[in-house]
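Read from first to last, the chains carry the letters A, B, C and D; within each, the first residue is number 1.
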Amino acid sequence: MSNVNLKVDLNGLQLANPVTTASGTFGFGEEYKDYVDLNKLGAVMVKGTTLNPKQGNATPRIAETSSGMLNAIGLQNPGVDYFLKNILPETKQYDFKTIVNISGNTVEDYAKLASKLDESGVAALEINISCPNVKKGGLAFGTQPAMAAGVVEAVRQETDLPLITKLSPNVADITAIAEAVEDAGTDVISLINTLLGMKIDIQQQEPVLANKMGGLSGPAIKPVAVRMVYQVAQAVDVPLIGMGGISNAEDAVEFLLAGADAISIGTANFVNPEVSMEILAGIEDYLVENGYDSVEEIVGKAIK
Amino acid sequence: MSNVNLKVDLNGLQLANPVTTASGTFGFGEEYKDYVDLNKLGAVMVKGTTLNPKQGNATPRIAETSSGMLNAIGLQNPGVDYFLKNILPETKQYDFKTIVNISGNTVEDYAKLASKLDESGVAALEINISCPNVKKGGLAFGTQPAMAAGVVEAVRQETDLPLITKLSPNVADITAIAEAVEDAGTDVISLINTLLGMKIDIQQQEPVLANKMGGLSGPAIKPVAVRMVYQVAQAVDVPLIGMGGISNAEDAVEFLLAGADAISIGTANFVNPEVSMEILAGIEDYLVENGYDSVEEIVGKAIK
Amino acid sequence: MPERSIRNIVSQKEICPGHYQMVIDAPEIAAEAEMGQFLHLKWAAETNSDPLLRRPISFNEIDREHGQLIIVYRVIGRGTKLLSTLEAGDKIDLMGPLGTGFSIPEEKNNFLVVGGGMGIAPLLDLVENLLVADKEVTVLLGAEKKEQLLNLEQYQELNVNLKTATMDGSSGYQGFVTDLLADLTAIEYVYTCGPEVMMATVQEWAQENEIAGQASLEERMGCGTGACLSCVCKIKVETESGWEYQKTCTTGPIFALNEVIFDE
Amino acid sequence: MPERSIRNIVSQKEICPGHYQMVIDAPEIAAEAEMGQFLHLKWAAETNSDPLLRRPISFNEIDREHGQLIIVYRVIGRGTKLLSTLEAGDKIDLMGPLGTGFSIPEEKNNFLVVGGGMGIAPLLDLVENLLVADKEVTVLLGAEKKEQLLNLEQYQELNVNLKTATMDGSSGYQGFVTDLLADLTAIEYVYTCGPEVMMATVQEWAQENEIAGQASLEERMGCGTGACLSCVCKIKVETESGWEYQKTCTTGPIFALNEVIFDE
């Protein structure tokens, strides 16, 4: 262990280090206990949680693509009440911060979720605005600045927990959304969620996924994610959690240099279940080798 | 040679087969004469052409990413007059259709380009609306339906040549742009152009590309491209030319099944200069093996 | 407890066209693994990210004595193609042992094992264990043609009532392996692994004859740890809808046969 | 005419830490290739798309007699790392011969060749050709340390005036190879290949001494055919701006030394 300070302060949300795991890719944390020293993780963003339990989509739910994968899980989850009663107590035995990723079809869904989670002892809420707004014709909340801001404001009213708003990359101007959710009171912005994609089975002549379309993640999307972090870092003042294709420490450092204060690991956990610990060690090595005393010092260094 | 009918009719633009090469990746065609029987290609979309010659961006202009590459060439080209005088006569010795990809910073630029090319004997124009609109603060024409339509209308007034409008994928709703350019009179839609991305050199702590950001292409983006073709095919009636990561015949068939009437090969030409001929042969094989008589029969088959 | 480690390949050989047997040196895993469990595999080259995901492959045999894991697989796409290029001495990156294993109900004596296609491979270890437990075993194996009846010679050496079925008639009965179910009597318990339609037919037969059993399922997998929810299958439960999605990677791949809902 | 083909690797060996020499069997290309030209290479595995692009590597020697191409390269990143794992008998996918070659002006007699780092490799064939053409040749080679003076033994066997410079003093002069330029007299023509700063210094010296020459440039390449415009370098021309971007892959990689604009 070096003397490098790995601590991260995300607008009041304190993490032991910048390494977190992305929602939907790390379960509730415990699923990885055989591979990872969970106590060493900065935070775990748990699976997208909804008001009521959800069965999710039919299978196949995933498809492999070049250096990436598509998923259409359909937010299968046991619902917020079950989470609070049965899962949260389990995760509390570990040192990592539990951040609950919340999803809704209406602004009211998000507000109710926030109020239920408010005093539960979770570390923060991550608002997933990639969900379709059923009241507005299914257009994702995250594609319109005003709609995105509406969700954040509604959640803000229900809780004093640190709020992380997770942006969808399927937009023309990511900075417009980022500015809107900053104004609406988010404490942190995380980005990016998956790119909407599709794969067709040429023998069956139909989409591979039962849901037809799915979210593209993995190394393939990293350049888009780095670009968006770089743009958003210059547009807002709130801290950022960067993600999208991070597979090793070099990738993680790339996001820090682009302006992310912390990073999140998604698909790479599937490829190598031990990757989060390797990335944590690798970030530290990079800092030591290059003579830095803290993670902070390299955040946004590539922005000129 | 089988009896399969490979001919493609794109709203009046007749191609011998559905295989074309994407703008900026195949020069003016002649660059590949040692590797490809150019007479067998359906069409060549030549390098993005502007009113005046352009030097383009500083180097490095490309960077490799996972299953993809970033480019920021900056539209280096000799200008439309030079093209008409020195290059077009050369390309006319081949059987392929020459389609000129036009780029401008104002609507007037596009209109002037169209009028200069109108009677030149080129087969069609491909309007690249991914360029920044200098009059509207640099926002790309292709990100706003009204702006995109404006370009197409202006070009339509100057020429009776078949018009192909090439869509940018950096939008929230690709169908809105597609519908707008269809209404504005485009004959064909081609998609997708590159996704905006970035790569950072962690030793230099700065972007790899001199231009900082660049366009992501190659297999990495194929799922996004297939999804957009699938969506646009259901939203408009004009024929589509699909592209984005096509590297082999299976990929090409995927685009045809998703609703593309023809396909275009970009980055894959760099990886394998002979790939266009392999794809042409592979599409034919697929049709024969599956008992089809023409390409047409499989267009859009995956849409249910 | 499952682990992730990089192991040595002891041998790899093509056992019939397009089908490979790989032997991996991994004493700790062999000591712990149970029949029916699986490995989540990746070729160990660290330099590229395509293909990206691991591939799940069941144990064919667990050789505790030599500390070796034996898998048998068919080349389907890019991943298994890459696996097949590995040679003795090369490294392989694995997670395992994963999932639930087959269990043998002590009180039953007369067992049936039905395997089809690649589903034959994961059953060999089970059959050997049934014999060790002194059970009567009937084995039905089906495939397109004789050479695809994997491990046939090994099955023939075992003290079981073995019947085969091939679509081209090159071994045993010509037709579906499930056609052979009609002739069976006295079976008390059934195990099955293979194509869904085959397992669905076995399930129907088992229900008609009130026979319990276990099935080994396959679903596309991401994590292999229970985190991603990609690998779910429909399992009957006593809720309103009558079923729920359960994870093939952790709750499965072995499920009670009568609880599985085979769609289509 | 350049071609794309898949060829056999005759041999591959590590000639000093991190530096490899590969011999490729390609008689047609050897017959046609010129010193200074290059190959655009890809490992021949068709199953994956990462890393995606080809890698440009110059000829080290063109062995027309045996129909073989010899390249020498340093492992930098993922692509060259993958190349280094190939073995005799493996396949390699290549495009070539690409680009312009070095030319030897007949009327000159006294030649200088300055190579630095990896830039030493592409010059060996040139030096051999100069000797065949009966020229006086001075060779200056620079590197970090002695073991990185590639082909040193081969250069030593040639009838040239050879001087070396290393940063750690392990061979010849301790310091920059360009420091050795000061002592030279009577040079009529110069060739250079190596790091940009080195070539820029050679250019300055050549201009001061009114000596013409040629430089071999490196730029990131996409196509290798002149289509993508990724590989451009700044070349002086008589236009308003005084320069234009020219393609390293087709107009180069060999350019007239005085026409190159070395930025930074």
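To be clear about the criterion, a residue touches a chain if its C-beta (ideal position, glycine included) is under 8 Å from a C-beta of that chain, and two chains touch if they have at least 3 such contacts.
Remember, predicted model here, so these are calculated numbers, not experimental data.
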Work out which chains are contact partners of both subunit B and subunit C. A, D
Counting C-beta pairs in contact for A-D and for B-D, the higher total belongs to B-D
Taking mean CA positions as centres, which chain lies farthest from subunit B? C
Provide the C-alpha centroid distance between subunit C and subunit D, rounded to the nearest whole angstrom. 55
Distance between chain centroids, defined by C-alpha means - subunit A, subunit D (Å): 47
Distance from the CA centroid of subunit A to that of subunit B, rounded to the nearest Å? 34
Taking each chain's centre as the mean of its CA atoms, subunit B sits from subunit D at a distance in Å of 36
Where subunit A touches two or more other chains at once, the residues are 65-68, 218-219
Where subunit C touches two or more other chains, by residue: 49-51
Based on the touch definition given at the start, go ahead and assign the chain network to line, ring, star, complete or other. complete
Note which residues of subunit D are touching subunit B in the complex, please. 1-4, 42, 49-54, 93, 95, 219-233, 241, 244-245, 250, 263
Which subunit A residues qualify as touching subunit C in the complex? 24-27, 31-32, 34-35, 47, 55-56, 58-69, 71, 73, 76, 218-219, 247, 267, 269-274
Which positions of subunit B touch subunit C when the two form their complex? 66-67, 219
Seen from subunit C, its contact residues with subunit B in the complex are 49-50
Any idea which subunit A residues touch subunit B in the complex? 65-68, 70, 139-140, 143-144, 170-173, 195-200, 202, 205-207, 212-213, 216, 218-224, 226-227, 230, 245, 250, 253-254, 257-258, 286, 298, 301-302, 304
